[in-house]
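The following pair of complexes shares a single chain, chain A, combined with chain B in the former and chain C in the latter.
Let's look at the complex of A and B:
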């Protein structure tokens, strides 16, 4: 706590710092589902997502944040998925996206 | 040495003599000896002709970037400066401020691209003051001029940017300022991609430039980012990012091109130390921040207190000791005619080795 009240504090940067983030959980997820590395980030999963149509759930954004070590609030976010699996039908890389949701929830339940 | 052809695009013509000098409106408060040092170096050391015209005004750049001064107004103010230069018989405009340098470049380019804006400005100036103007033959920032004469200054050097004890070159962080070469990259030496104006001085005077990851990052001034208190957290975050990035390279000092950058890189070190307890220099103190005129002045053997270095937030004594520069610690807070000018309260970024001496004089 600063002794002087300056009326402002140092803003936290919005940049993702890969040197500081702990990527252990992310690496574990990629180890168990290496196919996730083939994601080209096209966003088709998000475009067809029913949950995303009704809430602000964005599967592409969420799993990308996980891969960069940004785990805060991810479990609650993945809980918005209703596991209908329509994203699996459109993924051009054939990634088992529903399994990704389950795996992330299992690994990041504490965050 | 020109290794690549693309490098040639980033060179610029700098006049050899006869300069019309436009001062900064804020530098006198933060680094009060710097502009005087520039005039002294040009007049006394290099024997050049430079007119320090008391008639010219602020360029109103800070007001313009804060959305207070309209474009038409600032164009008319700039036109008046050029008119004063014409009256004095000069053609080479030299400005001491990076904000002003950006403004002059922006307005000259606007007049070039949109000639009707130049015509309107001529009309406004004539209606307001009865004046007419011709555009300058060359426009340079004062650091361009110091860069231009860097080898001549090196030949006259009394001290080099070298550790006097070990003989090792000093590690110097240089910061050119966004408005020097990020708005019009071709108008600054090396552009923003290969910033060379300060690096060239450092190399010629024996120092070593630190090429750290956030070298080209903004200092955080950004006008309205700072002017509104609620936004200052964003401003300080930028300096914080730079200081965090440069600290592992253990720089001996920072040299800045722009009035705002020199001030923020210096004074934010105090604020960060108060807020977080983090300091970035040696022995738990700050990293000294110099202007390029102060750096040139030290190299040429000027007295640090004549250069106004007692007004810095971070004490410069450790740097002076490293360079082997003699100075009178007791004279630090004595202004002109030996009058005591007051001293700042102790802060963690300062080393304050001679506190008691000043207290006795008080």
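Let's look at the complex of A and C:
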């Protein structure tokens, strides 16, 4: 007897699962660019972001996801960056944000 | 003959140090570069979290200094110190048995953060300017009208690599919440927004005041750093930030932007340190011998620290530390 289809499906869990996520790539990125760890999440980068004012690109959110081991779709997301560098001018931690974009794209080209 | 300790700086820390030294039977000499005692507190209106008038504290300290007959050298600048001698800029040499440095801090110059337009556009003011306006009893926009929408920006000149101030100035968060409440009391119809990165409410009654700001005064707290401010055609100030808790860029126009400026080390700390062989922290503030059992001692025997010369501190901490520094200096000269 076929199972009755009630129309329900199982949703993918939304939680960031740090038991499952592999932080190796993230560690490699932080190893090459330790200054990224000093981010205080103030969002100044995103406030001035040329791409972020026109698309849903959010640099702060994207690099934070990388640091949590959430790599899926990150390469495509980082491609929205126009490399204009305004974020680097405002970052209070002096993080070379453009270099972060390039590094993440180099490390996560497969994701 | 009484032992003599020179206290450099006539702010609250210096006055309290001198008072305590006199109590301990040591002869203090207070050196102040301004023509009157009181230091930075002279420019303040009320103190967090109790809204106590700054004048109450100052008047009482000045009265005690007066009554105890402590020798005060006003309008005197120090050019070098050592444990046994202080040289004034006029060349006068004052002999002593120990020195307490209580020369405080410098307010961050907000015009360095050009992107906020301080000194360029109207209606961008600093927290210190706002205290002055409270004291003068006239808080208004440049055109004299009442502000209806006010934004406070935390961490201006603090935690900021771009202006070489990496430390947290500690008291600006609390000042920002206090001033936001004062603005709401003055202008109940206004909307007040505080843009913060982290809210640091470290002292007794501070968290309660923050809660009151949210609950009773309906002050809005937005987590994000304002990236730039620009004037609008109507003479308002447009600000941009990321509302990091929703993850979206945010912009708004306000009638007044208040920059919560931080505390930075005095420029002349470097000269003092070089002359006496004192160690400084990376922030430029003086470095105590250690942070626990020697927090009012310098690395040089006979030179002590009180107040904000060694790090940003609030009024209570500066007063306590002054007492501790005076005791340490008294012990040192009595040996």
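Just so it is clear, the second predicted complex is superposed on the first by the 105 of 111 C-alpha atoms of A that agree within 3 Å, B and C clash if a C-alpha of one lies under 4 Å from a C-alpha of the other, contacts with A are read in each partner's own complex, and residues count from 1 in each chain.
By our rule, a residue touches a chain if its C-beta (ideal position, glycine included) is under 8 Å from a C-beta of that chain, and two chains touch if they have at least 3 such contacts.
Since this is a predicted model, take the numbers as computed values, not measurements.
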Touching partner for A:12 - first (chain B), second (chain C), both, neither: first
Partner chain in contact with A:90 - chain B first, chain C second, else both or neither: second
Of chain B and chain C, the chain that contacts the larger number of chain A residues: C
Touched partner set for A:3, first chain B, second chain C, both or neither: first
Partner chain(s) touched by A:61 [first = chain B, second = chain C, both, neither]: second
Which superposed partner A:43 touches (first chain B, second chain C, both, neither): second
Footprint overlap on chain A, comparing chain B with chain C: none
Partner chain A, residues of chain B touching it in the complex: 229-234, 236-237, 240-241, 271-272, 274-276
Partner chain C, residues of chain A touching it in the complex: 40-49, 52-53, 58, 60-61, 90-94
Residue numbers on chain C that touch chain A, as the complex places them: 115, 155, 159-162, 197-198, 223-228, 240-244, 247-250
Contact set on chain A toward chain B in their complex: 2-4, 6-13
